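There are structures below to look over.
Below are two complexes that have chain A in common, paired first with chain B and then with chain C.
Take a look at the complex of A and B:
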């Protein structure tokens, strides 16, 4: 199965309120409220971390959910938001990880 | 001519101060930011401010007359993902529009700004302020908006200036025209619902409030003074002296405003129009009591339903204040 990568669009307005996040896509004037689990995916959507790694490394660590169910939810979220210009969805990373600055 | 905002600098915030306030607003959970004027493009650092606001993920709206928007400004607005730009157009007739703005060629310049922005796909609201003398121009301005691909909006009310000067109320259209506007689908989605006779106020209405000023939004003046709304000159604190969170959380005036539920309003709580009225506490404050009725909203409520209740404070005063017309007070 090929990896999927997601990155938040620069055109988005967003605010985390408590554990939830409200996002607005200026392009389509659509408004979404992301629940706690979706907020974790949203925050980790950097365009270089594969969706499966986000799900397994973040969502499954923070919530009592199986990797399969969490991945299904994440894919559903991505599909829902794809049409709203909220984020980019790619089958390759935004930048090759090696080109990112190293953190000590 | 008609604008409720007082003009004049009075210690406008510098870029770094604006930047600090934006950070404070973001960490307080603010999402929506409307930048207006005067004319915001007169600030040389406007795009720096918008860029910072967008970096902080605000949903940014801009209100402008468009006169200073050329190709470069349009491109920057678009590339910064400003959600929408609102441009006021008073008439589709140049002489009428320019008679109001006082600037020769201003209609063509505003329209050219709208064209530039639309050509880049920018969402633009063309806001038509209904005024005496141009009241028949609604269809012309609407047609213009449609030709430009802009969203058409009508604003039927000219409100007093924040210093209390209400001489501009003379510019409001007559009552007959107001009725035509509020009962027009260009103004509201469902005329039937909006203009239905008022339902009796239920428990939820009595516990509720008619306006989110001071609850969910506020106005920050160019000098950092904080008010509940741009139309509510109740100074709640200065961002030069305190942080936004401190003012928003601790201002005694904001607390007092938030305490007033519909049931606590001495006149309005018994009014037959309470359940539908969008009473503006800011205009009421300017009339002397933030818990009192606001003439503009009484008159607009009556225009919606076509009913002037016999106990109306407007009838008690013997005249309408905003939308005047011969014989209109017969009830």
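Take a look at the complex of A and C:
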């Protein structure tokens, strides 16, 4: 099974209000509310950490949920928000600029 | 901007201009009736048909009506202040030219009884954003407005107000 990587889009504004996070896509003015569990995934979406690691290392540590159920929820969240351009979805990690090979 | 010379054009232009002016200073125009009572302003937000005009008609004598349609909200150092506006709805009556600190935001729903329930900040922000008037697509302004809405719900208590359309609903607004 290949890893999946997610990174928050730069065209999105997010604010944590209480335990939830509200996000807005400026281009479309679409507004979404993330619950506590989704907020953890959102905050950890750095484009480098695999989604499964986020789920097992963060979500399952903070919530009483099985890895399978949490991963299913996370995938559903990613799919839902992917259509709103809220984040990038990749099958390889984002590389920091310093790790890119120099041009000859 | 070219508009035909009728009162509705002027009204529309004023709304657009003020959404932009307020956005730059942390305020907004809101689809909401508002009234002043005991030195505080209360906002009653909802889209058409939610009951803004009905609630305004039911206001007792000690309530000063600021608007039955579009509320004007400004950020100030100590919080938020609502002002009377000339933007009238079905009541066809302009608001009084007065202002007061905002004491509460109520999202309207009509029902068989009068009831108030607290609304969590994230839900309040989502509902508030749905009812704020805004016409620009500029991402910077949209993000600024988003910040304003999030700040507002952290400063002002928000409620869901279910009401039966008679004057007793105002007993809940203090």
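Just so it is clear, the second predicted complex is superposed on the first by the 95 of 104 C-alpha atoms of A that agree within 3 Å, B and C clash if a C-alpha of one lies under 4 Å from a C-alpha of the other, contacts with A are read in each partner's own complex, and residues count from 1 in each chain.
Operating definition for what follows: contacts are C-beta pairs under 8 Å (C-beta built on N, C-alpha and C of every residue); 3 or more make two chains touch, one makes a residue touch a chain.
On a predicted model such as this, the values are computed, not experimentally measured, just so you know.
J.: Answer with clash or fit: chain B and chain C placed together on chain A by superposition.
T.: Chain B and chain C clash in the superposed model.
J.: Regarding the shared-chain residue A:11, is it in contact with chain B (first), chain C (second), both, or neither?
T.: both
J.: Taking the superposition on A as described, I'd like to know which of chain B and chain C A:74 touches: first, second, both or neither.
T.: In the superposed model, A:74 contacts neither chain B nor chain C.
J.: Which partner does A:20 reach: the first (chain B), the second (chain C), both, or neither?
T.: second
J.: Where does A:33 make contact in the superposed view: on chain B (first), on chain C (second), on both, or on neither?
T.: In the superposition, A:33 touches chain C alone.
J.: Taking the stated contact definition, name every residue in chain A that is touched by chain B in one complex and by chain C in the other, in rising order.
T.: On chain A, the residues that contact chain B in one structure and chain C in the other are 11, 13, 15, 17, 22, 24, 26-27, 29.
J.: Touching residues of chain A toward chain C in the complex: what are they?
T.: 11, 13, 15, 17-18, 20-22, 24, 26-27, 29, 31, 33
J.: Considering only the defined contacts, which chain A positions touch chain B in the complex?
T.: Residues 10-15, 17, 22, 24, 26-27, 29 of chain A touch chain B in their complex.
J.: Tell me, which parts of chain C touch chain A in their complex?
T.: Chain C residues touching chain A: 120-123, 125-126, 129-130, 134, 137, 139-140, 142-143, 146-147, 150, 153-154.
J.: Once bound in the complex, which stretches of chain B touch chain A?
T.: Those residues of chain B that touch chain A are 26, 29-31, 54, 57-60, 81-84, 123.
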